[in-house]
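Next come two complexes built around chain A: one with chain B, the other with chain C.
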Partner chain A sequence: MNQLNLKRTLTLLILPGAIFLLLFFLVPLLFVFAESFRDAEGALTLARYGEVLSDRQFRHVYLRTLKIALIVTPLAVLLGYPSAYVIVRLPVGRKSLLMSLVILPLMTSPVARTFAWIVVLGRFGIVNETLRALRLVQEPARLLYTEGAIVVGLLQLFLPIMVLTLVSALENVQDDVEEAALSLGSSRLGSFFRVLVPLSYDGLIMGVTLVFTGCITAYVTPAILGGTKVLTLATLMRLESLVLMNWEAGTVIAVVMIVTTLVLYNGLRIYRPRNL
Partner chain B sequence: MRKRICIASMMLLLAAGLVFATATAEPEASEGSEMSFEGQTLTISMWGYNMDLLEKNIIVPFEEQYGVEIIVETGNNSDRFTKMVARKDSPLVDVALFAGAWAQNAVDEGIIKPYDPSLLTNLDALMESAQDPLGGQYAIGYTIQHLGLVYRTDKVDEITSWRDLSRDDIAGFLSIPYITTTYGPTLIYMLSEAWAGDFNATDVGWEKLEELAPNVLTAYVRSSELNTLIAQEEVYVAPYASFAWGNIKATGLPLKTVIPEEGLVGSFSMVSVGAGTDNDALAHLYIDHLLSYDVQMAEAMDLVDSPARTDIVLPAEVGENLTYGDELLSSLNFFSQKEMAALQEEWIDLWNAIFVE
Partner chain C sequence: MKQPRFPAVLFGLTLVFLLGPFVVILLSSFSADSIMRFPPSGFSLEWYQKVFNIRMFRTTFWISLKTGLAATFTALALGVPVAYALVRYSFRGKTALEVFFSSPAIVPGLVIGFSLLRFFIFVTKVPIGMGLYFGHTAILFPYAVRVVSASLRNFDPAVEEAAVSLGSTRLHTFFAVVVPNVRSGLVAAFILAFITSFNNVPISLFLTGPGVATLPIQMLVYMEYYFDPTISALSSIIIVFTILIVQGAERALGITNYL
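Now for the complex of A and B:
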């Protein structure tokens, strides 16, 4: 196949997906973006941003959402890297088994998974019963309807995504690179941080972005595990758009979500640590 | 002469036959008009709570009687309201069920239209206040409900007043209806009455809500959520919507309902004709079916909806679980849906200032 034919074939293969994304993702997104800069008469304005961003409740909810995302994402990295490292190094059969186990939670509904947490974290759930059996608490601890419950729920929800992304990144790192580092005197930990992490950094960025974005935009988990007292950006956006019919505020919140994610993604790409 | 008598008799027989035929032709025509709905669809926007029983008592009998298909769009008031407003230019809903301020919002947004009383044979059988609760014949209260108070008798001391919601012994075990639900705003009125002796002293109501906020574990958006909270023993005290009592009671926990000294909140769930329906006759037929004796009785016996009809007589063991009986009905306080609709945005802000921060 000559160069021209290859290009044409690749274009043809990409085209259906690209058209789908253009029509059903980019165009609506642009509408939302454009709408957030218009007033009731259709004139360009930043007034909506002023109104939403200066609102104390919004700032409170935004900082809470950011805090939750900034807790869940590093935890997913910490738990995901060792798992991915082990999975990549397993023989094919066991690797497939473990990969299936990682994928399994993704094949169940987030609603079902989140409801399971209600049972686990409830006053008479497994966690509280264990704490009481170990005599660590006298009375059942309040675990549900807290930020902690949302963190746990989101971590369970997004950890498989982080593991899958890191597995894919680490699979592209040749085995002998680590061996070379070890033979040159590096410790296992040193070779992990100074060789494996830099070589899988792009996968890490992707995993971090996916988990962080998921945390910022998740609706079901915060709504069920946080209840109505612990609002996050997504639950606030629903309240503004679907209850108060304040679509203007809803669009601004949507744009704030997108911008926050883009800032993180590009920040990680641009400010790549020097030794990576 | 005999021949003439014979002919006259034949003529009389023929005439009688014609009269009989005409008389029997009327119901056939009527059946024919019912048959004309055969194969049509009717879209109902309603709540999903107790859907299995609603299907059994209301939807399936109607479908079978008229040979139509009912498409149900379920959700809470706000979700369904928003959907209907978003589709205002190409409406899909023929019959809409709303409660509280949402019914008034639906009138204001023009997504429901006045009903035609001449098409509703069961309208006069309803309580007078249920026949046109919003004015302008926009809605009919097909079921009466109340916001009751329930508590766990084995976990907390007796509850006798709305003031008890601020008691220290229920801290962390209280759930209240979210401000956007039918009964959310009415809680403020009851707190105002409890502490200031005036339903309209809502400044006091809000002040007190802020004081009792630490007691609130979470505010529920759907009655099914409250059901789960009670079943899992997360909540010991809660104001509850009466239509949820059947399921709450089924948890088997030691629960007691009370009529507090300030009384309870009463309201109607309302049914209306969708503004853009192209099936006016069938929509009215469905509403009339909802108001019929059989449906109201079946719903009451299953502890789903309390009857708005005045001619329903229930066994004591059923009636005590519903919004039924002189003692309970006389304790009910009804509030202006128009006022609540007007205050909604301001009150959501006040609520968020207390609970979000």
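Now for the complex of A and C:
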């Protein structure tokens, strides 16, 4: 194909999709971004950022959101690695069955999935009834609308992503690498940390990035399991914009959320310890 | 391969953690109690009856279905040509375009929904139902491009060249040779995109209004006012359908390879 033809073909193939995303994705995003730096008269200002960022409630919620992500992510790694390790070693048929079970929380309606935790953690839920039957508590313990409930819900949602990422990373590691380490006298745990982890490091970082940024932006889980009592960045943004009609604050929180995500998304992938 | 015991035990516990809540919600949906109690004190089908009797669930189910189908078809119609261009040709600015077309999956959904609402209200005055459809199409785009690209990469371009050199036009070759060969990728993209749209909350949260809500949004609204097992019953129906679709798609297409 000559140059002119190639150009025409590419334009025909790409342009419709590009225009659509420009109009219904990029331009609205840039519009909100620009708006966050303007006051009511349209003059450039940082006042909106000053107002939101100096607000004690905002800072409290922001730190809580980071804290939750910092708890969920290591737990996902801790449970995700052994799971991926087991799945990779299964025969094809069983592997496919187990993978389709693992991804179930990811594919189910988030409202349905999160509501299940209300049945588990509620006042008369399975955990409280068990505790009472064992006479460990007199009154039902408050498990819902706590940071712990949000952590549990997010872990169920994002663990499958971690497992998926680690499975594809470990699949690229040759089967006999571990056997070689073992036959050379390494312990199983030693070979895991010194051979398998370094060889699947990129997958691990990808998984950590996805889970961490996912925790910061997730909405349904904190909305149902935290409510308005335990706000996170996402539920605060909804509260400010759709309930309190404070669009200025909503705009700033949107920018803060996207900047946090992008910084983490790029920052985590650049970081690489020297000995790996 | 020999499975060491410790990781296998941890994996078992992980599965219980991931799937246990689904079992609990299924059991609680047949409860005879009018509050959320587990274990339930008796058996009834009352809540399933109630799901079908609530008109707002029926209305919003149809809105979700229509929005999901329309957005999925649009995203595929626009995304498949893009995937084809990105896989088959090399040109300047290709990497930038790849990033651009995958970015709706990286930007938080809540932020996309928020910006679309602001933009639609203040600049373009798009009706809310249309806004919902546009927003859903935008977030499905990356799925269409990524899944179809993966499947195009596994298809030998020589087959296509053969058809062209035998006199078939490019367009005809695409529909007669390429499409049948990447069929499973197209179906996988369709299923993933539709599920994503049907389940979506962050975009719909901002792009729904009086009279236009999707099923998940309606469920959230219902939960704010009532605390009975109706949502358990509705959730159970959705969960069972999801299991059937995912299992079917895994058997037929190996859908986990496309995630």
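Criterion: the second predicted complex is superposed on the first by the 248 of 276 C-alpha atoms of A that agree within 3 Å, B and C clash if a C-alpha of one lies under 4 Å from a C-alpha of the other, contacts with A are read in each partner's own complex, and residues count from 1 in each chain.
To be clear about the criterion, contacts are C-beta pairs under 8 Å (C-beta built on N, C-alpha and C of every residue); 3 or more make two chains touch, one makes a residue touch a chain.
Remember, it's a predicted structure, so these values are computed and weren't measured experimentally.
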{"item": "Superposition on chain A - do chain B and chain C clash or fit", "value": "clash"}
{"item": "In the superposition, chain B vs chain C on chain A residues touched", "value": "C"}
{"item": "Partner chain in contact with A:Leu144 - chain B first, chain C second, else both or neither", "value": "first"}
{"item": "Partner chain in contact with A:Arg188 - chain B first, chain C second, else both or neither", "value": "second"}
{"item": "Chain B versus chain C as contact partner of A:Lys229, first or second or both or neither", "value": "first"}
{"item": "First, second, both or neither for A:Arg56, with chain B first and chain C second", "value": "first"}
{"item": "Contacts of A:Phe31 with chain B and chain C, given as first, second, both or neither", "value": "second"}
{"item": "First, second, both or neither for A:Gly42, with chain B first and chain C second", "value": "neither"}
{"item": "Partner chain(s) touched by A:Met245 [first = chain B, second = chain C, both, neither]", "value": "first"}
{"item": "Partner chain in contact with A:Ser109 - chain B first, chain C second, else both or neither", "value": "second"}
{"item": "Intersection of chain A interface sets (partners chain B, chain C)", "value": "118-119, 122, 124, 241-242"}
{"item": "Interface residues, chain B side, partner chain A - complex", "value": "78-79, 82, 85, 172, 178, 180, 216-221, 228, 232-234, 344-345, 348-349, 352-353, 355-357"}
{"item": "Residues of chain A that touch chain B when the two form their complex", "value": "56-57, 60-61, 118-119, 122-124, 142, 144-145, 227-229, 231, 239, 241-245"}
{"item": "Chain A contact footprint on chain C (complex, rising order)", "value": "1, 3-4, 6-8, 10-11, 13-15, 17-22, 24-25, 28, 35-39, 78-79, 81-82, 84-85, 89, 91, 97, 100-101, 103-104, 106-112, 114-116, 118-120, 123, 134-135, 137-138, 141, 170, 195, 198-199, 201-202, 205-206, 216, 219-220, 223, 231-232, 234-236, 238-239, 242-243, 245-247, 250-251, 254-256, 259"}
{"item": "Chain C partner contacts - residues on chain A that touch it in the complex", "value": "6, 9-10, 12-14, 16-18, 20-21, 24-29, 31-32, 35, 79, 82-83, 85-87, 89, 96-113, 115-120, 122, 124-126, 129, 155-156, 159-160, 164, 175, 188, 216-217, 219-220, 223-224, 234, 237-238, 241-242, 247, 250-251, 254, 257-258, 261-262, 265"}
